Amino acid sequence: MKVSIPETIEEWNARGSEYLPGYLGFNFVMVTPERVEAQFSVHKHLLAWNGFLHAGSVVTLADTCCGYGTVASLPDGAVGFTTIDLSTNFLGTALEGVVACVATPAHKGRMTQVWDAEVVSLKNSKVMAKFRCTQMVLWPRD
Amino acid sequence: MKVSIPETIEEWNARGSEYLPGYLGFNFVMVTPERVEAQFSVHKHLLAWNGFLHAGSVVTLADTCCGYGTVASLPDGAVGFTTIDLSTNFLGTALEGVVACVATPAHKGRMTQVWDAEVVSLKNSKVMAKFRCTQMVLWPRD
Amino acid sequence: MKVSIPETIEEWNARGSEYLPGYLGFNFVMVTPERVEAQFSVHKHLLAWNGFLHAGSVVTLADTCCGYGTVASLPDGAVGFTTIDLSTNFLGTALEGVVACVATPAHKGRMTQVWDAEVVSLKNSKVMAKFRCTQMVLWPRD
Amino acid sequence: MKVSIPETIEEWNARGSEYLPGYLGFNFVMVTPERVEAQFSVHKHLLAWNGFLHAGSVVTLADTCCGYGTVASLPDGAVGFTTIDLSTNFLGTALEGVVACVATPAHKGRMTQVWDAEVVSLKNSKVMAKFRCTQMVLWPRD
């Protein structure tokens, strides 16, 4: 499967609209090979039942940003990528307002890419989470 | 905030029904202090737009299982918990069928709990992901 | 570089004797494709200056076990491996006595292997650390 | 146990000289609450027997830097810290020359600190590893 890469931010948002990123209400603001930005507004369906933002909402936002950046960075001839692993440290939460994520590459190799993402509450500008993942670049089988 | 703990599996499912676990269609089968089991059926809204299960769906399932297990394991007097960090290794994916998670505690201390979870595709019994997280137990402020 | 694989436990220990595993006093007890065991005795040079075992000693023991297991598990034609990432959760420490590690594979693929290791204090049989790493299998360039 | 904090860089190096940091030849260049720097020269006893730098050497350097930074950052009244967990992504290696680490805090809370470290080969200025850890701050028992 060769991934076709969206060219505008509208196309990036449209591509995911029927999938998890759209279902959770993520809005992508910028997708480039060197920086990806997206955000969501806090809604009840993104919370855990203790009333705090669910760790899964935060991780999914960060992972999606890093995945989009990886797609936008695939070397010529690569046919896709798969996430090998991810880790997240949680530093704070948000009860309302907009949550934003910025993802940047830490490494772009022929076999793997490593991406970092930081999730921030725009209400108070505090960092809520720091995320890192490793993507394996997929090549056509001979 | 003192967490009140559901007593039946129906109550566990009802508690999360309007929050992220319900929104993603998670079904809890067992919640005990020593083992938590839950599952979802693969639907389009749990996928990334490459057609594979989104890493966020897998992580959210595992994280929710571990969180419920932590709540069910809180020591007397504790008032809640917060996830400090999590990591996930992805070993495979699923395109259809039921995805199930089993979470078990690796450590239950007064200050922290560490939980492991394994996510399996029931279609082929293959392990899709291995997850580990650290929870900080919250105590009342004097 | 094609790795030549030791055949006896004496050879495994001899191979590392002038390198970090030998320098830290690691003793390998078993190296097989499905299980690796090694241990060290707590000495001052393995501690941090607060008197507790240094996290680096624990991680190095676990990482070495997983690396040896990966070498013993390399598929035909592979020429080596490299560690992509690792994570460790610390659950306890040891002030004296023997510290032992058991490593087992969680995944053996053509491109990657994932290994788990558990580090235990033999003095009280308590788990001190849980470790997980991802290895990339290296193949000859065409 | 109340940790007494070294005041000069000579004291920081002296304090660890008989422990793992000294045994591995780490040289601390700067220890402040906001930045820690240390380095080592590549020697055979820091390698794995495939001739590459052992992951354990890299992790131990980074972990020690973060630990010293945590000590230098302990809030008034705290009596020490313990590492809860760490993760490392490996991006490259070094066969010779000097390897340097810079650690900086990502979060300093009353209960936990999160530190980031980056390990670089000074020979080619390439990032070899990115490290992150969580420290729990220890308080006196009432």
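Letters A, B, C and D mark the chains as written, and numbering starts fresh at 1 in each.
Note that a residue touches a chain if its C-beta (ideal position, glycine included) is under 8 Å from a C-beta of that chain, and two chains touch if they have at least 3 such contacts.
Computed from a predicted model, the values in this text were never measured in an experiment.
Chemist: Which chains does subunit A share as contact partners with subunit B?
Modeler: In this structure, the chains that contact subunit B and also subunit A are C, D.
Chemist: Please work out which of C-D and B-C is bridged by more C-beta pairs in contact, and write that pair.
Modeler: C-D
Chemist: State, to the nearest whole Å, the distance from the C-alpha centre of subunit B to the C-alpha centre of subunit C.
Modeler: 29
Chemist: Calculate how many whole Å lie between the centre of subunit A and the centre of subunit C, each centre taken as the average of the chain's C-alpha atoms.
Modeler: Subunit A and subunit C have C-alpha centres separated by 33 Å.
Chemist: If you average the CA atoms of subunit C and of subunit D, how many Å lie between those two points?
Modeler: 21
Chemist: Identify all positions of subunit A at which a residue touches two or more other chains, and write them in rising order.
Modeler: 84-85, 87, 89, 134
Chemist: If you look only at subunit C, which of its residues touch subunit D in the complex?
Modeler: 1, 3, 15-16, 18-24, 44-52, 54-57, 59-61, 63-64, 67, 80, 82-90, 93
Chemist: State the interface residues of subunit A toward subunit C in the complex, per the touch definition above.
Modeler: The contact residues of subunit A facing subunit C are 84-85, 87, 111-112, 134, 136.
Chemist: Going by the contact rule set out above, which residues of subunit C touch subunit B in the complex?
Modeler: Of all residues in subunit C, those touching subunit B are 87, 89, 91, 106-107, 109, 114, 116, 127, 130, 132, 134.
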